[in-house]
Amino acid sequence: DDPLVIAGETFLSRLVMGTGGAPSLIALERALVASGTELTTVAMRRVQAGGEGSVWGLLQRNGIRSLPNTAGCFNAKEAVLTAQLAREACETNWVKLEVVADDVTLLPDPIELVRAAELLVADGFVVLPYTNDDPITARKLADVGCAAVMPLGAPIGSGLGILNPHNIEAIAAHSAVPVILDAGIGTASDAALAMELGCDGVLLATAVTRAADPVRMAHAMRLAVEAGRAASLAGRIPKRRDALASSPLDGRANLDLAL
Amino acid sequence: DDPLVIAGETFLSRLVMGTGGAPSLIALERALVASGTELTTVAMRRVQAGGEGSVWGLLQRNGIRSLPNTAGCFNAKEAVLTAQLAREACETNWVKLEVVADDVTLLPDPIELVRAAELLVADGFVVLPYTNDDPITARKLADVGCAAVMPLGAPIGSGLGILNPHNIEAIAAHSAVPVILDAGIGTASDAALAMELGCDGVLLATAVTRAADPVRMAHAMRLAVEAGRAASLAGRIPKRRDALASSPLDGRANLDLAL
Amino acid sequence: DDPLVIAGETFLSRLVMGTGGAPSLIALERALVASGTELTTVAMRRVQAGGEGSVWGLLQRNGIRSLPNTAGCFNAKEAVLTAQLAREACETNWVKLEVVADDVTLLPDPIELVRAAELLVADGFVVLPYTNDDPITARKLADVGCAAVMPLGAPIGSGLGILNPHNIEAIAAHSAVPVILDAGIGTASDAALAMELGCDGVLLATAVTRAADPVRMAHAMRLAVEAGRAASLAGRIPKRRDALASSPLDGRANLDLAL
Amino acid sequence: DDPLVIAGETFLSRLVMGTGGAPSLIALERALVASGTELTTVAMRRVQAGGEGSVWGLLQRNGIRSLPNTAGCFNAKEAVLTAQLAREACETNWVKLEVVADDVTLLPDPIELVRAAELLVADGFVVLPYTNDDPITARKLADVGCAAVMPLGAPIGSGLGILNPHNIEAIAAHSAVPVILDAGIGTASDAALAMELGCDGVLLATAVTRAADPVRMAHAMRLAVEAGRAASLAGRIPKRRDALASSPLDGRANLDLAL
């Protein structure tokens, strides 16, 4: 299996984690380690310098690359400013671009999102935008130079899984850049399905951080992403309306193999 | 995590494999090993003594317990006779009980199945019946003494996954014996979902043996079953109709964790 | 369109109504009339002679054929006895055969059900059995002489719709007798779907009697059954993965029709 | 039931028909009449004056209001120009605004769509835009002054129904203007579901014009829209995980109503 490559950087893990919702820094660290993630989003809105007892310390200690996000931004201007502050604070030009339409639905604003992406790409950022599941908007984001596109499966924190597999499959099938499913994942089978639909990775936070046992769920998600990726590469059997005996003859002769 | 226990026997792997559909004995062996299975079904209808170059040799060589099945039996009488022959030939009193209604749908005949189960239990067998997804039939099978119940997700070989998750969840929630999803699995997310619905294990054959790359798919299924089991134990987040910011405050303050 | 024929009797309406759950006799009557039903089930367990102010009076007044049921019976013996009492009380040899496994799931007991059906057919009844959605059990019921089979879409009163359309479609495609979807309907689209899957009719009660506005919902169900039947006969367009312009040329030329 | 009101105009039928895909003008006329539609879209790209033997003649003869569309337009500029030509040719300032991203997916381009809507509203048009199922884009279209929003259920002509009921329900729940489901409908139950999700109307073309029997399917769609609307107003029963006896007591006492 090839590793995931985004903007020339190689990742062996295809699971991107968020940090929101964790009950404590220790719980977060254990979950991140159990997930095997190599890339973790952190909110930049009110970032502060941090020592060892901070998320920064945590990520550096574990060799996890940080991906600042622009959570809480409602238009392109805010998002660009936040990204620029994050670039300085975090010493990375990578940004998870979030431009949401309001603080109730938390859905992306496609128009402001594309505008912000265009501006940030022009400013030298490696832009990973959180977008809705519209294939056209995803294509526009790639066209303006985003390094990946990150469509949602369902509203943030809903745990509803992938509401429209048809769209996610269409995005993955035609994308010129890596596709990372972002938002909506509730459980392991959702993450496996995302990969089977052709996604290159999965981003999730609350499905792990708010599970009853975050470490175990982080482990489950790690396995699920690997399982879905392997299944995607293995070439699944076609779906059939009717039954098919597992033996070529008549379902009775499996052991003829033994003869 | 507790191991799977069926009739007093302990299994670390919760993936039961079938042998049907494999292109060759070597391909089968590689896939079985990659799956990590400890229990594998083999058709007994026309079983013959086998040497090293047989399925028997394969299973013994790899320390995999064999589970003879009664594939191709259309009524209780045939199934009982087949099971008895298998017991002698395979030196095991375990049997995967299959009594199908016809060779087109390959669906279980619930009446003949319960009858056969009752007779085999009385005859000292450890009976693992392949059944439809009706919760009442599953309960009857446990009531007559079966060691596990194995409801289908979809018709054999269809790869349609789990057509009625509501029924599978109901069976698993109330079963007095282990529940192993049998038939219908097409890809990794199906196997993970089965475990998340509360099943104790998954049985599959063609999803692996007829995949383009059986070894890789076997590995995917192994991971998926582990992922689904872990997710089931980890206590997933509830499904919500609406979005929920990943940060308790307002979605902007994740990094306050760092303060 | 051909009418529905069951045991030689012709019905112009394909909607069978139950009477359970109605808030009052007057509300029930209005809903039954709005539904256009010609066949209505009534519980026989504790039937009493009734005058004009009874369900009997109601049905006779509106020319609706009564279909006594065996609700509350848990085995074949009880069901047969109940049916025989009903035959005398209601002066009809038609019976909706219900044999449920317990009073929590209210799911049919397939073994007792087939046994009861066999006995009642031998005793001269016109038997319409309420069954699960297993195609094999449905076939057995037709084979022992039932006049129709009535598989469930979902548990009684759940309003979950049709949990396994694949099974309902398989039953309808191969049944030698009319198939009437019974139980699970929650709203109009569920009823339309049942007909589109090939059912010959729909039976429902609480979806109407417990709706906020039973009369309006009865009207909705009447239209939905007609809509689904018409759609089924009209030959729907095939499902396509991708878009297809509505104009044969390129989506721009619809008005060329006008030239 | 209230009638549908768009931009001050009242419609008794909530089914909007398209004209694409019809095998002949006569077949189209019969289907339109059977559908009961009062509003019908026609492509304006290459409109020509028409006499009695034209779509125009057809619509006028049957008292059906025409709704010119901008099919085949790929950006705001083209769409505005097409709409202006249509306004002159058809003597109506109503327009079904279509701005698709390409001629393969036929999916709306959300950015160009909102831009075109804004321009057309400013130019005095009554704009009914065909959009994707993103709630934010739908809201923007209402905000810029569209008279209705018309989200897709699935790609045009796919017959896949409503791929993301969650989004359609969210759009309908919060829209300040009427919501008409446009594209994706394959059969009657899809149309009923659209209405149950809260839509104010349904627009479809090929589901009728390319059905094996267009007139019968038009009739089915008419009934389905009415059924779904009535069901929506009637207040459906809640979905329940478990069974609920139809009688308040124990499932046996329905006839106590008769006492």
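Each chain carries a letter (A, B, C and D) given by its place in the written order, and its residues are counted from 1.
By definition in this document, contacts are C-beta pairs under 8 Å (C-beta built on N, C-alpha and C of every residue); 3 or more make two chains touch, one makes a residue touch a chain.
Please read all numbers here as calculations on a predicted model, not as lab measurements.
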| item | value |
| --- | --- |
| Interface numbering overlap (same over half, different under half) for chain A and chain B | same |
| Where chain A and chain B are represented by their mean Cα positions, the distance between them in whole Å | 31 |
| Distance from chain D to chain B - Cα centre to Cα centre, in angstrom | 46 |
| Gap in Å, rounded to a whole number, between the CA centres of chain D and chain A | 34 |
| Contacts with 2+ other chains: residues of chain D | 105, 107, 160, 166, 241 |
| Pairwise touch network: line, ring, star, complete, or other | ring |
| Contacting residues of chain A [partner chain D, same complex] | 101, 105, 107-111, 114, 132-137, 139-140, 154, 160, 163-164, 166-167, 170 |
| Touching residues (chain side chain A, partner chain B) in the complex | 18-22, 25, 28, 42-48, 50, 54-56, 71-72, 103-107, 155-160, 186-193, 196, 205-207, 209-214, 216-217, 219-224, 226-231, 233-248, 250-259 |
